[in-house]
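In the two assemblies presented below, chain A is common to both, partnered first by chain B and then by chain C.
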Partner chain A sequence: MGPYPFGSGTAASGWAAADSGPQCSASEIDGLLAGAGYRVRSSDLLHVAHSLERLESAIGGGPADHLASAEAVRYNPSDLTTWVNSILSELSSSLPPLRPPPAAPVAGTWPDLTCFSLPYPQYQTAVIAATRQREEEEGSAIRLVHLLVTCADAVQRGDSGLAGNIIEEMRVVLTRVNTGFGIGKVAGYFVDALCRRIYSPCSSSSSASVAGSAADQEILYHHFYEVSPYLKFAHFMANQAILEAFDGYDRVHVIDFNLMDGLQWPALIQALALRAGGPPFLRLTGIGPPSPDGRDALREVGLRLAELALSVRVRFAFRGVAASRIDDVRPWMLQVVPGEAVAVNSVLQLHRLLGDPGDDAAAPIDSVLGWIVRIQPKIVTVVEQEADHNRPSFLDRFTEALFYYSTMFDSLEAGGGATQKQQQAVAEVYLQREVCNIVCCEGAARVERHEPLVRWRARLGRAGLRAVHLGSNAFKQASMLLTLFSGEGYCVEEVDGCLTLGWHSRPLISASAWRADADVAPLPDSQLFNPGIAATINSTSISGNDNNNTNNFQSMHHGSGNGNAAANNQQNNATCDGGVIGL
Partner chain B sequence: MGDMILPLEEEEDMKRRNTFSINDNVDLLVEILGRLDGRSLGVAACVCRLWSSVCRRDSVWEALCNRHVAGGGGGPGTRSVVAALGGYRRLYRLCVGPVLDRLAGGPGRAGWAPTREEAAHLSLSLSLSLFSIDCYERLGGPRQRPASLLFLCKPVNVS
Partner chain C sequence: MAGSNEVNANESKMVVPLNTWVLISNFKLAYNMLRRPDGTFDRHLAEFLDRKVPANAFPVNGVISFDLLIDRATNLLARIYRPAPTAPPDSHRPSLHADLQSPPSPDPFPVIIFFHGGSFAHSSSNSAIYDSLCRRFVSLCGAVVISVNYRRSPEHRYPCAYDDGWTALKWASTEPWLHSGKDAKLRVFLSGDSSGGNIAHHVAVRAAESGIEVSGNILLNPMFGGNQRTESENTLDGKYFVTVQDRYWYWKAFLPEGADRDHPACNPFGPNGMKLEELPFTKTLVTVAGLDLTRDWQLAYAEGLEKAGHDVKLVYREQATIGFYFLPNTDHFYEVMEEIKNFVSSNC
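Entry: the complex of A and B
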């Protein structure tokens, strides 16, 4: 049964009964029409039909039997007649007034209306046609949303038969909606995701196939970075906080939880180069997934950053840590040196460490936050999606995701020019992967466990971190960044010292900064520097240019980290590559 | 003989010596062209080879950037950093120019109307950040085309 309680059968029989001749009395017709949902007398109905027929012939559309089709949205005709009259009156001031029906017709038959032929200007017909089409599409869009939610409910209850039927119906509706943009496109993605969930359930083994395309993920990420301001906003806010926290320190160390292409760091390197008092010695530790095909992606990024730093005369050292999950990383791999200012930077990474909310077992997030705090960073920058996609109930997650990603896709569309359509499409695939993960996967395979800022506040507070206000400078920089993007709907808001970027007053991404409480015990040295690993350190110094910058080139080679971490009992999946490039 | 009647060529020669051509004084030309805005500089570069070479000088573009942003230059080290990242001319073309255009085009975002100094200072720091990203992308080699600044080249949505 569809959402409309009046199926086609009743209406058709109503009309058929009316056509069958003068045997049906007016009251019977009224009864039939009332059954079809029309609470109006048949005599009035005739007048409505006159107006509609006029409209129909003016549009030049087909025969009026679409009024009785299954998909027609039916309104109360007494309202309909005023609506039609208002349209006709505002558009046809030059036309002859509505002529009364020629003669009192025999009850139950329609008079011949072809004698009405009124000239309409072309553009008015186009306006009417467009209005009608848009309303059809809006009706279909609302129907799609309703069907999606119903299907998700069926999936939650385990009724895969019903869910399958609804998916078929949705695919039919999708053919009638423009799937190039708007709700049609988003609905298409969600329908695909639901399909995948029902027919090919995502097991933890298939998550490897998704993660295995790490190079693809980088390309998608890059396109998403180019097309929309969210990642740029994230990077700029984090850099601003890090820059302010590093004020006055001569040796600084940044730990990036997801290096990707390293696009965040050129701006920081440049800002440090220009800071008053000269640039510090910058160390960057980039964590990223291991490269499958032997290329050392982390090292390549490090080399490029080092080249940039060399050109602007910032002493720079890079270290790559290859780990497929952040909870595989141990503090000793980061090689924190006492006396340096440490910054931890996590852009859209912490949510991957969360577990199911009802689960009391310690989620990986707690252990990771634990060692973050005990490294005693001067600043921890956290950027996360502002959404609630980690609820225990599938239906809740689904509806939340539907509205979140509709807003997100809307914002992508608004920002595009003709040249960017292709990039936009790739950026949308990036988002589509997130959608699939949220909808299809469960358990350990589901990594997109977004939580809203208020929950992150509580969680980070429990771990021993205190919020640092991002400051008005950051807000102004964000606002200025937004003026460069042509979509006019972006808005930056400040919430208790954290900044959120959203689309039309729906916040979509939030950036916040934290620092460790002073009274937390630091990590013991045995965990910061693991003596179990044999390390050979070669250091040669290359005397610099006429500025007398002494640059140290250090290369550290470690044995592969598997199982060598004597301090830990669990199997350690992270390897510490000897990819240290220093300048 | 009374007055000397000079032959025509000599008279014209004297006229030439007494007239002044801007192209004779490159320093003066630099001073004048250095006060133009970005578009006019581009137009001036099409006049002749001398003007084109003057317009390619980074100092002219440096003066332009410093005039519009940060009210007097970002500091002593800025010049070397900008030179390392690609030069003021490129900085203006890719970042400062579009930023200024966007700022001039639209009204301030709701809730924040910058003062002139604020806008100038922020434009410079923002431009430099974007510029460094562009430079970094170009370091990626020929296989990677720098695209992070494409969003600046789009026409402003005035709807």
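Entry: the complex of A and C
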């Protein structure tokens, strides 16, 4: 049929095989069908064609909707060879015998049919075995979920004997499922977490060991950032809101509640560099846990960001604030300067300030929200997990988490190729730690107290913050961002001006932006900043000479009019890192 | 009826390449499973079997794609295809990502609003076969292609698909980046295959009534019908992948309850059709496959346009079957693509 080959070349868009090249080898995948979403070896095409004909004969001319209930119909449709053969196998008893090939081959179209062979019985037994195995696995998975919930219930009632027995049983069931992916894997994590809860209950010290070192946590975070769009979405949305809020300001100050590797900030720095009318003077205050072993992780990040800012000609100053908990931070440590536009950025941090519901008095969230509001930020960007993992009932929390993290793990699995798989494994450890914290820890040790957006709205509203609509442009751009990922199940939704990113219509993370109500009284200057410091920042050029600056900074501290805390106060665990790094 | 099936298979085998035969036969098998005699449709299985591809903002052969929600109220999605954007010469822009919604060139360019086929019930804008076709249109014509994910039957009957098409056209007319040339005009073509061709026609009628100028219609094997039995329906029934009965099923699923196939949606030049003589209806390029059993209805459509005084170019491929435009492996494919390219460039 013409000079056109069956198909060769890349499968990316199908039509790339337009050039009539040499006939592809028989074991190769037909490139044109690949572009249509079907992987069929060229050498199998004839066989598939015959199978299709047989199926058609079996159906006759009438309706075929009864075929839809065949098990094999739900096999991978892209693997057309297996798909068609499996359906045939399932119907094998009702099919007419194989038709003998026609006496004279039809010249000029299809080649000799004598190569046609169908190892029928082998297909049949393989299909039946595969079906049985799948049924067994599905049954085990359902059983696991049932056992998990039953175990959690036993834990809640304090029946650790029963809980222990159920755990043993779950371990047995786990040997019968594939724990490499899907429900088997997630169940494995939850069984481990339950085990830990029963046999080594959480205290503050062990929660630290569960959480691992801060450096480990950064690595895990980085991998999670790489293999999934959640953190990228979060950073992107927050940066958009910050950029818009900073419009028209010459001096801007971003306060990042969890600096980590500073992954969020290169994009903002570059965007500010390209701003119409030129970039503002950008200050970044990064809060993070203190580094052990004499390292100064915060400053290292600050230095890297300063180099980047220098390369794109953005005047930049960095300050690190080392604090184990956000509530150890005091506003004066942030050195807010009058006249600058402030953005407070919290990615997955606010939930750590919550307490048990109903016990709000003890929770630091309100005092932190209080001072956030009173430093009068132009924008507060909040990213949180969209889940209810702070419910008073352990069983409720457990079940919620099981479904949340199943969805989350599912979405990770849908991502890329071999190298991605290694990163994915590390990213999963990141999530596994969250699971452990939710399941194993109580009281102050439990920091993964995720609450849904609707409750954050109420809380932030009570504190005097009003939502800033993220806008349809942000929605559009978020959707575009998602097209860079191969997993097709991600979905962005807009809910009253906030955006959520989810997997298959289950929102998993939310991004929102807020500003302070006009009628909230600002913090008194003495609590907010030291006028002496402000004068210094305004008038002197900030050099990269760290020693000088450190000395200056510490001396300013001691001279501060505010008696609350000096740099090395034992009472609170925050220290202000020296080294204001600038250009 | 094993005997007649044998004849059928042999005939279609002789006119299409093997991989095309496998592709379309597979669709036929799958579609047969999805249609139920009571008029319902197994949508879940349909979505499971449909081979889909994600949008891709990284250029593949110089073309990128992205999905947009163009109407919140109806959740109307469209996939936009365009030539990969080149880096801006000067970059005083605050946006963090390359500007996907910017004109692909400073010169006038065509915008093709495309409606995928599937007899009003099957496929989506992210179906692999249509993703390939739209990408081809971008390269062929230097166009921005908007593939509309219109609502399908039987869940959404007439006129939902037409409404969605109209929404897409209105949306395009309000997007500044789609306007080009010194006169900042939207140089829009309405296009589609099978049911998509039918939708393109009806949207073009609405455009003509509303004063929105359309540069041209490109209809590939458009889906039309009527109460009468035509000759081609009789002689070709079941021979080339399609049966008259399945056509009837799809019309019944799309048209309003109780309507017959002389409804103007199905038969625009039939007894209930609208007179197009007075309307400033656009120029049309229609391709008709000689081995498509609805060939006579398509030829009647072309004739109807002509009789109403409108510009029609008929491209009749005698030995082509349905779906010849899915795989680039026949003369039909390449020659029709060339016709489309010429039609677009001369009317842009």
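FYI, the second predicted complex is superposed on the first by the 419 of 583 C-alpha atoms of A that agree within 3 Å, B and C clash if a C-alpha of one lies under 4 Å from a C-alpha of the other, contacts with A are read in each partner's own complex, and residues count from 1 in each chain.
By our rule, contacts are C-beta pairs under 8 Å (C-beta built on N, C-alpha and C of every residue); 3 or more make two chains touch, one makes a residue touch a chain.
The structure displayed is predicted, hence computed values, not measured ones.
Chemist: Answer with first, second, both or neither: which of chain B and chain C does A:481 touch in the superposed model?
Modeler: both
Chemist: By the touch definition at the top of the document, which applies to A:271: first (chain B), second (chain C), both, or neither?
Modeler: both
Chemist: If we overlay the two complexes on their shared chain A, which of chain B and chain C does A:236 touch? Say first, second, both or neither.
Modeler: Both: A:236 reaches chain B and chain C.
Chemist: Counting only touches as set out at the top, which of chain B and chain C does A:313 meet: first, second, both, neither?
Modeler: first
Chemist: Quick check for you: in the superposed arrangement, does A:495 touch first (chain B), second (chain C), both or neither?
Modeler: Once the two structures are laid over each other on A, A:495 reaches no partner at all.
Chemist: Taking the superposition as given, does A:305 touch the first partner, chain B, the second, chain C, both, or neither?
Modeler: first
Chemist: Examine A:219 and indicate which partner it touches, taking first as chain B and second as chain C; both and neither are also allowed.
Modeler: neither
Chemist: Mind working out whether A:52 is in touch with chain B, chain C, both or neither, as first, second, both or neither?
Modeler: In the superposition, A:52 touches chain C alone.
Chemist: A:263 in the overlay: touching chain B, chain C, both, or neither? Say first, second, both or neither.
Modeler: first
Chemist: Counting residues of chain A touched by each partner, does chain B or chain C come out ahead?
Modeler: C
Chemist: So chain A touches chain B in one structure and chain C in the other; where do those two contact lists coincide?
Modeler: In the superposed arrangement, which is not itself an observed complex, chain A uses residues 236, 239, 267, 270-271, 274, 276, 475-477, 479-481, 483-488 for both chain B and chain C.
Chemist: Show me the residue ranges of chain B that touch chain A in the complex, using the header's touch definition.
Modeler: By the definition above, chain B touches chain A via 74-75, 77-78, 80-81, 84-85, 98-99, 102-103, 106, 108-112, 114, 118-119, 122-123, 125-126, 128-133, 135-136, 139-140, 147-148, 150-157, 159.
Chemist: Once bound in the complex, which stretches of chain C touch chain A?
Modeler: Within the complex, chain C contacts chain A at residues 1-2, 4-6, 9-10, 13-19, 21-23, 25-26, 28-30, 32-37, 42, 45, 48-49, 51-58, 60-61, 63, 65-69, 91-97, 100-101, 128-129, 131-132, 135-136, 238, 243, 326-331.
Chemist: In their complex, what parts of chain A are in touch with chain B?
Modeler: That would be residues 222, 225-227, 229, 236, 239, 262-263, 266-267, 269-271, 273-274, 276, 278, 304-305, 307-308, 311-313, 414-415, 417, 419-420, 423, 475-477, 479-488, 491-492 of chain A.
Chemist: Please output the residues of chain A touching chain C within their complex, sorted ascending.
Modeler: Where chain A meets chain C, its residues are 1-2, 4-7, 12-18, 30, 32-33, 35-38, 40, 45-46, 48-49, 52-53, 55-57, 59-61, 63-65, 67-68, 73-74, 77-78, 80, 84, 96, 99, 106, 109-110, 236, 239-240, 243, 267, 270-271, 274-276, 475-477, 479-481, 483-488.
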